[in-house]
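To start, I am sharing the structure in question, which I have written as structure tokens.
Note that the chains take the letters A, B, C, D, E, F, G, H and I in the order they are written out, and that residue 1 is the start of every chain.
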Amino acid sequence: MKKAIIFVVFAAFLFFAAYEIHPFGELDDSRMDDYIIENAQNETAANNVVTSVVFDYRGYDTLGEATVLFTAIAGALVVLRRVKNE
Amino acid sequence: MNPFMIALVLVLVSVAIAIIRVLLGPTVPDRVVGLDTINTLVIAGMLLFGAAYKEIIYVDVAIVYALLSYITTLYIAKYLQGGKL
Amino acid sequence: MLAFIASAVFCFVIWLLLTFNGRMWGTDEIVAGIVMACIAGYISRKIFIKDFKLANPKRWLMILAYLPRFFYEMAKANFDVAYRVLTGRIKPGIVKIAPDLKSDLAITTLANSITLTPGTLSVDVDEEKNLYVHWINVKDEVLEKMPRDYKPICSTFPEWARRIGE
Amino acid sequence: MLRTTGGYWDPVLWIIGFIVIAIIAYIIRGFGRKDYKGGEQLKPYLSGVEEPSKEEVHIRAGNIYWGFMEALKGYYDAMMKIHTGIINDYIAWFVGISALLFIAVFLVEVI
Amino acid sequence: MMWEIIYIFLGIGVAFNMLGSLGLIRFPDVYTRLHAGTKCTTFGSIFICFAIIAYGLWRWYDGEKEMISLAIHTFFAMIAILLTNPTGAHAIARAAHRSGVKPARAVVDDLEAKEGEND
Amino acid sequence: MNVDWLLEHSPALIIVLPLLAAFLTPIIDKFSKKARNAFVIAVLIIEEILVIFLAHDVFTNGIHIYTMGAANPTETVPAQAAVPIRIVLEVDGMSIFMALISATVSLAAAIYSLAYIEEEKGKGKFYTLLLLVLVGMLGMELTGDMFNMFVFLEVLSIACAALIAYRSHFGDSVEGAFKFLIISSIAALFVLFAIALLYAQYDLLNIAALASAINYTHLDKIALVLLIAAFAMKCGAVPMHFWTPDAYSVAPSSITAMLVAASQASLYALFRVCFTLYGVTLNLATIGAVIIIFGLLSMFVGVTMAIPQKDIKRLMAYHAISQTGYMLLGVGVGLYLLTKPEFSSYGIKAMEGGIFHIINHAMYKGLLFLTAGAIYYRLKTRNLNEMGGLGHSMKYTSIFFIIGALAIAGIPPFNGFASKLLIYEAAYKVSPILSIIAMLVSILTLASFVKVFHSAFMGPKIHDVEEVPKSMLAGMAVLTFVIILFGLFPGWVVSNIVHPAAQALADQAAYIQAVLGG
Amino acid sequence: MSEERMSVIVTTIASLLFPFIFIFSFYVIMHGHLTPGGGFQGGAIGASAIVMLIVAYGAREVYKKASDEKLSIFESVGGLLFVLVGILGFILAASFLSNFLVGEPIFGNIPPFGSNPGELNSGGILPLLNIAVGMKVIGGLASVVLIMALAGGEKK
Amino acid sequence: MFEIGLILLSIFMVATAIIAVWFKDLLASTISLAAMSLLLSLYFYMLHAPDVAIAEAGVGACITTALLVITIKNTERMEEEGGEEE
Amino acid sequence: MIYNIPFYTVVALILIGLYAMLFKRNLIKIAIGLTILESGVNLFLITLGYRKEGVAPIYTNLPSGIDVPDKMVLPVPQALTLTSIVIGVAVLALVLSITMMIYRHYGTLDSRKVRRLKE
């Protein structure tokens, strides 16, 4: 019962956030993205702006992401290693 | 009004019916049939949306789905027929 | 080695089709295509190429000739199903047919074809390559003798499958 | 030498002081009567009963601070009750604290 | 003219798709639902693909060179649907039969007889 | 390869080096086990040297900026744009302070592990994951970008979870890992949600740029609440601490020592959000109070729950919660007092106490967990009831344990006393009750460690065991050395390392200026 | 053996689709900087091909051809490649992960601004990073599914 | 038309998510989760994010389901009775 | 605002996922809840990047009549979502493999019984 109450309060605040946010499709501010869209072709020589963000502007994040995948798979191999070797 | 877009909405209505089958289906195979139908319909929807906006490069997504969606079906089928996975 | 070349060529053709955008292919596309096709061909050589039957151009012609016929049957199947959806008149059953096909490719072609054509759905296939077919509108005369006659169930598809696959 | 707002703390000085006090204590101990060192005087007196050996009186970990826990029994019962070990409850605490914080942060603005 | 062809193709495709999902609701058991779900949606989707291929070829013929690639990619999607859908249907039917779902209102069941022999 | 080049690129190198080593370790493992061990240790030593090198520069020359992938690493804002586009690594006093802790603890844990896990299979993966934990901590601490912080938070938590489950032939081990992983994922997802809320309004991800643009709307408040709750849960503050004893008690001991440092990375993120992202100038007295309450609860509940424990590592885990409470109290008091200009000098002192306690805690709690691991290594049990008399045979271990226990209880002249003294004094300014509770907790801490010492090391000799191998002793000795060093020269440490860190945390304007210029 | 395999129809179709999925995955990886896709997406597709083989032929048979050790070494190599490209950024140009190939003969062409049909020979280091991530993802996802299937297969 | 599509998709996604949580049969939950992932991919696609749609397709179409099905195979299929409290 | 339907969808998905994690006792169900929660957050990021009548930020074969940058959706949220999806898969793989081990040791997936560690 207590769980239900706190869940409802939490839900109310999340819905409040959805109510407060800018209308769908009409952005408040897009300075960073406008710069990227305009200059991506010139700076990174790629047509796909998303790829140039993923690998160039935020390439370090992608390195981190690759590390996450590597970590999780190493973890799964570690966790299941005994079962496999039996 | 773009004809492809109208067709897309109609396809989505069909998806609704398939979801009802996923919800009702008394056995798991029935639900898988529903999922399979949704797969095909969504592929059609993706193709239609790509054509509606004349976005050629979007069609790749539909190919990916058409190639991969049946693997889900295969896994569940293999579970249902028993034996080792 | 031959298997590697065959699958690499197959991959290369698909690569060319995928990258065609209305103009001739640039050198970079071709070079990348060759490299990638070699890698993909090397990986898939033992899985893709079991035998070289499909390398025969006669079989390709056969497939092309088969398609319109198949398509016609498929259209018929759909109107059939539409009729049954709207009226709800069904008489289903699972019957066994012995199409006497040996190769995997032929049996696959046959099974997929009859899945997409009127009133039938392939359910299972056993070691002797006998097909078990779910038939939505069972005719009583077929049920009488045990090695079922496959003519009323799947018309001439086994012949086509034999021509393509064996 | 660590300066705090009110004063300072220097461990080197502290150690020197510690050693000095220890030496003084040792010297004072030297003034004591010699015949009291090492003898009956050092043994504990347990109503005349012989002192049991160290092996026998070693108290196991589960029994240490039994009295402390008995005194705070109500508190410990409440605490043990919320440490359920169920993952759902762990998440529930997170959600609950978030909800409380929401209310706290928004109430401050209202007041 | 071209638009009318596309309309017809689209109409057939959408109609069969809806019919297929309708059949999914109306039929009594898994196998008959598979008939509806596989045949009709495959057929409908193929017609939608035809519509798009026709559209792409038409635009290409009219001078928008890159639209050929829309047609080719749609063609690949169509081939993939044609290959994978019946296979999936076969896998489900087989699994359903092995997991013990018997066809409703069936007049004959050879497969069950065979499985009975083996036991 | 001159010194300037190295200095310029060191923020990136610090992260890339262990990452490269982590990718190389499985390959080297194929060829030779000895080479792998030597490689890992060498990498960690080089890492430590690099961090000290960078720390020296940061403490003398101020904030260090590195823009990933830019034509000029110090140019954060491109000429035509008004905001930072690329990911910026921003190393200020606080970041490098945390990085020092992480690198030191990792080095000690790796040396210790050489002997500790020798009976297990899959050691190549163990060292890979250990290096990845280090990568996660450093990545979180050095970055100046919200989303990047999220990514490395995930790296950290996944690597930790995999290592907790490392002894997967024990049921409780995988159970602890499961709980840790679920809790971490939820926290991380809500962090991502909060980042998205901030991004929705300002179209920015850089912490400094966000800090200059933020104007405390309703959405900002929701984001703040989610960030605080998530990071508080990740650092184990009561009442969201339940995962901490579960995870700490089942992990291999060297990993537990690193988990302490990992929790402190989350603590760092919490402080970064409160101080730098939202800024002291906003109405944050509430947040200060909230953090003080978290701290008080953590201190008290942690230590009282520790007393009845029978599992040695669970007991220490509860102490970890309690000590986290000290840090939260110190920094929370700082946050609370900084909003009142007349008390701001006390605020800085309180933060110094809290931050000094972070490094002290990492060292002595790491040491204590390592000694617990040494006991486990010989006895194969964690139950205190089955121990006894180890002081006869494991002399060095018991000496290390005594040092750690005295330090954690705040007995002079060890380092715990110095940081606690600072916290007591500043907390007294807010309310005398805070100081009294803090002292009481300190006494209870001593009491429970007396219990551990009594039941594990004293008493009759009932187990016939030997001293642990040399490499494990070496790992403990590294940390003991640091503890004694900090204990003897707290003034030097505070004025040269801790004060710049506290100053960096309190000075939002400098942080913003380093990125945006002007 | 026959327990682990699915029916002959499924295996035949899987064999037919396998090279197609693989070449498509390579297409998605290589054209990541021109069309939607990239290293991760292509890698997931390529891994799906192996996952499909696992379901069609059984995990044991796949394990004989590609063990999880091999696949994870493959993954490590992908990660190393990524980091090495980044480190080349230090050495050849200004900073870590900087795009040092723009304007060079390999992958260096700068496309004209605005809508254009695209050219494979552009993008700087992006295609290299795509390939690295692709290798990594193929190896990683395939190995995790493989080892989970194997761990289950040996029960009882 | 576009808006109608989005609204329909939203409803479908919420419905499938609820179904996925509601079922006691975990295999059915998995199927429903696969359907949700499919619709989520279509949603991404309609919001002009084809890159993300491909990623979600590649992951959701087979790898997530494969992992879940393998796990269910090795554990148990049905949720325990009284799985929900209060 | 009524036009914020995608945002409400996002919140609904998040809450459904959270509900599963709060009230469901089965560990696999908890993993499913985690996936749903993560889908919600991903969808939120994408909806933030949408711009009315925009096209995808890819310059290859753009439809005609696009003026940059007012008619392109934002690329950064898409990049963030990609990262987030990968992280989700990684977490799911690890969670499920740990779940398998838990079942091996405990013989159950009920979270009320998987509590050897408590107090």
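Heads up, the rule we're going with is that a residue touches a chain if its C-beta (ideal position, glycine included) is under 8 Å from a C-beta of that chain, and two chains touch if they have at least 3 such contacts.
Just so it is clear, the model here is predicted, and its values are computed rather than measured.
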item	value
Other chains in touch with both subunit A and subunit H	G, I
Contact-richer chain pair [F-I vs B-I]	F-I
Chain of greatest Cα-centre distance to subunit E	D
Distance from the mean Cα position of subunit G to that of subunit A, given in whole angstrom	21
Centre-to-centre distance between subunit F and subunit D (centres being mean Cα positions), rounded to whole Å	24
Chain centre separation (subunit F, subunit H; CA means) in Å	37
Intercentroid distance (Cα basis), subunit E paired with subunit D, Å	74
Residue list for subunit C, restricted to those that touch at least two other chains	18, 21-23, 111-112, 122, 124
Contacts with 2+ other chains: residues of subunit I	5-6, 8, 14, 18-19, 21-25, 27, 30, 47, 49-50, 55-56, 58-61, 68, 74, 76, 78, 80, 82-83, 86-87, 89-91, 93-94, 96-101, 114-117, 119
Junction residues of subunit E, two or more chains touched	20, 22, 34, 38, 42, 66-67, 69, 73, 76, 80, 83-85, 87, 89-91, 94
Contacting chain pairs - touch in the sense defined above	A-D, A-F, A-G, A-H, A-I, B-E, B-G, B-H, B-I, C-E, C-G, D-F, D-I, E-G, F-G, F-I, G-H, G-I, H-I
Subunit F-touching residues of subunit D, taken from the complex the two chains share	1-6, 8-12, 14-15, 18, 54-55, 58-62, 64-65, 68-69, 72, 75-76, 79, 82-83, 85, 87, 89-91, 93-94, 97-98, 101-102, 104-106, 108-109
Contacting residues of subunit D [partner subunit A, same complex]	92, 95-96, 98-99, 102-103
Residues of subunit F defined as touching subunit I within the complex	147, 151, 154, 158, 161-162, 165, 168, 170-172, 174-179, 181-182, 185-186, 189, 192-193, 196, 199-200, 203, 205, 245-246, 249-250, 309
Residues of subunit A that touch subunit H when the two form their complex	1, 3-4, 48, 50-51
Subunit F contact footprint on subunit A (complex, rising order)	13, 16-17, 20-22, 27-33, 35-36, 39, 56-61, 63-65, 67-68, 70-72, 74-82, 85
